[in-house]
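Shared chain: subunit A. Partners: subunit B in the first complex, subunit C in the second.
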Partner chain A sequence: MKRIRCSSSLCDQFLSSSRQIVPRPRITVTAKGPLLTSHTRALSTTPVRSQYYEKPINPYEPAPGEPLPRARNPLNSAKLAALHARLSLHPSYPIQTLARALIDQSADPIRFYNNSSLAYLGNSLLGYYGAEHFMCTYPRLPTLVLKSAMAAFVGPRPLAAIGREWGVETAFEPTPDVDAGLLQFKRLPPGTTVKGHLRPARSEGVPEEEAMANFVRATFAGVYLHEGVAASRQFFRQHVMSRKLDVDQLFNFVQPTRELSRLCAREGFTPPVARLISETGRMSRSPVFIVGVYSGQECLGQGHGASMDEARIRAAVNALKGWYLYSPANPVDLPSKMDVDPAASFAPAMIDVGEVIV
Partner chain B sequence: MPVTALRAVSKAQNGVGAFVLQCKRLDFHYCDWAGASRGMKSFIAHKLADFAKANPQIEITVSPRPNQHPIIRGSYINGREKVICVRKLDHLQILQKAELLRNSSGQKLKKFSKPVKSMNEGVRGIFSPYHGEKHVI
Partner chain C sequence: MNCPDISSRESITRGEATSRRLTKKLRLGPHPSMIVGGHGGVAPTASPAINHIIHNPPSAAPSVFATPNLFLPKEDPRRDALLAIGDSKARAKLPPPVKRPYEKNYHLGEAEIAEMRTLRAENPNKWTRGKLAEEFGTSRFFAGMVAETTAARKEEMQGRLATIKSRWGKIRTNARFERTRRRAGWGGADGQ
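Up next, the complex of A and B:
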């Protein structure tokens, strides 16, 4: 599992607001014209500027010492202040970072003003916290189910839902004079295909769901950078893991009886046998059979059904879910606990051999 | 073929982890001329600043609405709005109305007939007549 730590240099890198000054190769001008070096030839499409070139005045440039352009007015926005308070963010979380989290890449291509770097960091953190939670709490979860469970909590759809539940509204068009408390992104024209290779470039617009999910990721990264590891873990627990999902509803078994036999063979159990426990109304229009699958004397699972076959399959599914959804009795220590306090006591998580190969 | 997975999205449970106040915006409208707005103007002058300070998570706007009754309009996270006419009310009554809008969830009012509503399944499980001691007639 990957550990992410935040050093001050990383913090500077993600939050650096000043434009990066790229050293331009020196151009010597002769009577024939500029002598292009091999490096400058690659850049020859850019217009050649003199050494004493002055930057054009940009009304949306930030004032010295301010991370965002003045025109976006992050400090004058009532919506932004209300959002900050609604999320109970610490006063050390600046309003400017929250304003930047609301600016999508499609609204402002300059990466020092948009949320792309914050969203990238936030996505890594959300994936890390989500993965460690499920891998430690349900160590036997099959890979596909683990992925599905993670997507149900930290995928784009739940993240966009979280953003909407925070009361974030979207700007109609991402002009710089809109309220800084609105989500700013370029909308796609109606009827655009957003999946597969037909998906248009990001600069042409993004779906609302994607922009909203990126805002939530960027907000999460801001908590990590400004408030620290402990606060970001708590923020994750409060806003993401507090949501409701039954993991047992995610399984889709294709051949449960066969899978159960393979599991018993692998684990060295006695091969499973289905036995009828109880029945009623066999000759009526609504019979009920209760079937249990037994490995020796041990009942692995039970199921009911209108036919014995149905009940047997349900029993096998029940037994497999009992195996795959094993969870340690005591609350497990998550690896990110050590990020908060490296001296804390830590009990390693159980690692399972993996799902049954049928 | 081994087990495959179904797609699902987790459901929000506001207040289980973090609590997000559902009222996101309150608009106060008054009329400068009409006497029905006297209480509202007094409320805006003397009480609104404290109310806004006590509720930083709500965006508050004040705007004139000439020749109309004074109203408070609450906007909620679920997209609905609630409007209360505060004509001829004094500033304390208006404060009560503002608090009513703040505490509201934005849902339509409905009657709850069951004491508990939950997404979790019952801890006792469902009764099965086929298990346990069989009843002998």
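Up next, the complex of A and C:
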């Protein structure tokens, strides 16, 4: 079978009519002049016609002995066109890149045809946008909480959930004849351990969650490459930041009262005192105490509980959350704002001295 | 953030001869906070001439996202505004402390601490942390912190505890386990 090369210029045609038969003119390849492979051409801005290749010329092209890419034609897939439209991707985002984002490393080991490089780039971008959001919005967040918040937004599980919400389906097996609009990856046998050193090699198969997350990362990288920085920021805001996360639920203090005392000592505040604000049903089966923790005249936090100790500890926890969840008053300027417009006004983010060490 | 007082209402007792009178007696007027200009139980003399908003949210635990004034950094514009409001208010009487406040006296020096350690090492069965705390006028926590007991005594005490625990029945074992689990959740793990 001939290797089929597709170009970004066909994307517009395809969007208008997915069933249109596309002419494939034969182009004579001269020895000089770098000829881009399909993946790089899809990423380049100059429109190139589809063509057949007789021999590999690009040094990054696979050697002649290596297997040819799978014969999946992105232009014949209605699912791909639907996905492209559903994600509101710009026409400059070629359908071929979307098709490539759906091919996992386990389905096609050659990196020129799978999404590994795109997923790598997408992961870096997602990490950058996620980290800058949390570090600027909550500058005092402890490292562990920051990490779990990042995992909750741009970790494999939420990304896989995003992919499923986009309506991407998985191919049962990554054979060459499957629809190009399906997520293609090799499944692990049931009961395989996927964590730790017992995890089999990637070529043996990957969990669906991982393949789906890599697809979302690769799609994100495609937005960055084809549509630019502003579009990728918007895409991140719309698809990732629109998800809700209760950051205040990520804390777990082991010694909250002690940590609050250390905090007050460090910052030069009056030592905290727990005070009983209100109570009801002290001698009953279900009493409720409301305790506030005060530094001088100022109430730092309030907690309730069925015992004085519980209320006191919860009050300390809430006071610490009040400290760590501080957020600057006005909408903060994220550093990536300058990537879009270097001439824009920019207020630097607050940098905190760090969490309390107990 | 100001912690509000919870005002107590007069208890209502049933004591009317007829249901009509009782119903009439039990009929409650609107809470003063719901009446415009009626704060502190003062009835409004006239309806306000312009549109108004009654802000009377249901009682709820304060949000942890509202940073206390003290915790706002110096460069935060909200700090000065909130401090100005706080200063204008009269100094409210603070609620009673949960535990009796005490002054730390820091009266023990290196020599005393060394002596505590020596005593503890010589005869850990006699010089328990309670004894040391009593002798040196400090807390049991501090005594245990500066003068740790010997490994042999620790092991013996743990063995004794294990013997006691082995005598517990199913109900007590389960209750103690649940209590530990609940307590661990107070730090934020239980999501409340």
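One rule holds for everything that comes next: the second predicted complex is superposed on the first by the 288 of 358 C-alpha atoms of A that agree within 3 Å, B and C clash if a C-alpha of one lies under 4 Å from a C-alpha of the other, contacts with A are read in each partner's own complex, and residues count from 1 in each chain.
Convention: contacts are C-beta pairs under 8 Å (C-beta built on N, C-alpha and C of every residue); 3 or more make two chains touch, one makes a residue touch a chain.
This one's a predicted model, so the numbers in the text were calculated from it and none came from an experiment.
Pick one for A:Ala151: touches subunit B only (first), subunit C only (second), both, or neither.
Only subunit B is touched by A:Ala151; subunit C is not.
Return first, second, both or neither, reflecting whether A:Val288 touches subunit B, subunit C, both chains, or no partner chain.
The answer is first: A:Val288 touches subunit B but not subunit C.
Now for A:Ala85: first (subunit B), second (subunit C), both, or neither, which partner does it touch?
The first partner, subunit B, only.
Please tell me which partner, subunit B or subunit C, touches more residues of subunit A.
B
Taking the superposition as given, does A:Gly167 touch the first partner, subunit B, the second, subunit C, both, or neither?
first
For A:Arg237, using the defined touch cut-off, is the partner it touches subunit B, subunit C, both, or neither? Pick first, second, both or neither.
After superposition on chain A, A:Arg237 lies in contact with subunit B alone.
What is the contact status of A:Asp248 with respect to subunit B (first) and subunit C (second): first, second, both, or neither?
second
Considering only touches as defined above, state whether A:Arg187 meets subunit B (first), subunit C (second), both or neither.
neither
Check whether A:Val356 is in contact with subunit B, with subunit C, with both or with neither, and answer first, second, both or neither.
Touch status of A:Val356: first partner only.
Looking at the overlay, what does A:Ser278 touch: subunit B (first), subunit C (second), both, or neither?
In the superposed model, A:Ser278 contacts both subunit B and subunit C.
Which parts of subunit A are in contact with subunit B and also with subunit C?
249, 251-254, 277-278, 290, 304.
Which of the residues in subunit A end up touching subunit B in this complex?
Against subunit B, the touching part of subunit A is residues 78-79, 81-82, 84-88, 142, 144-145, 147-149, 151-153, 155, 157-158, 161-162, 164-167, 181, 237-239, 241-245, 249-255, 259, 277-280, 288, 290, 304, 320, 324, 355-358.
Using the touch definition up top, name the residues of subunit C that touch subunit A in the complex.
1-3, 5-6, 61-62, 64-73, 75-78, 86, 91-92, 94-99, 101, 186-189, 191-192
Given the complex with subunit A, which residues does subunit B contribute to the contact?
1-14, 16-18, 20-21, 24-25, 56-61, 77, 119-120, 128, 130-131
If you look only at subunit A, which of its residues touch subunit C in the complex?
Spelled out, the residues of subunit A in touch with subunit C are 248-249, 251-254, 256, 269, 273-278, 290-292, 294-295, 297-302, 304-305, 308, 310, 312-314, 317-319, 321-323, 325-329, 350.
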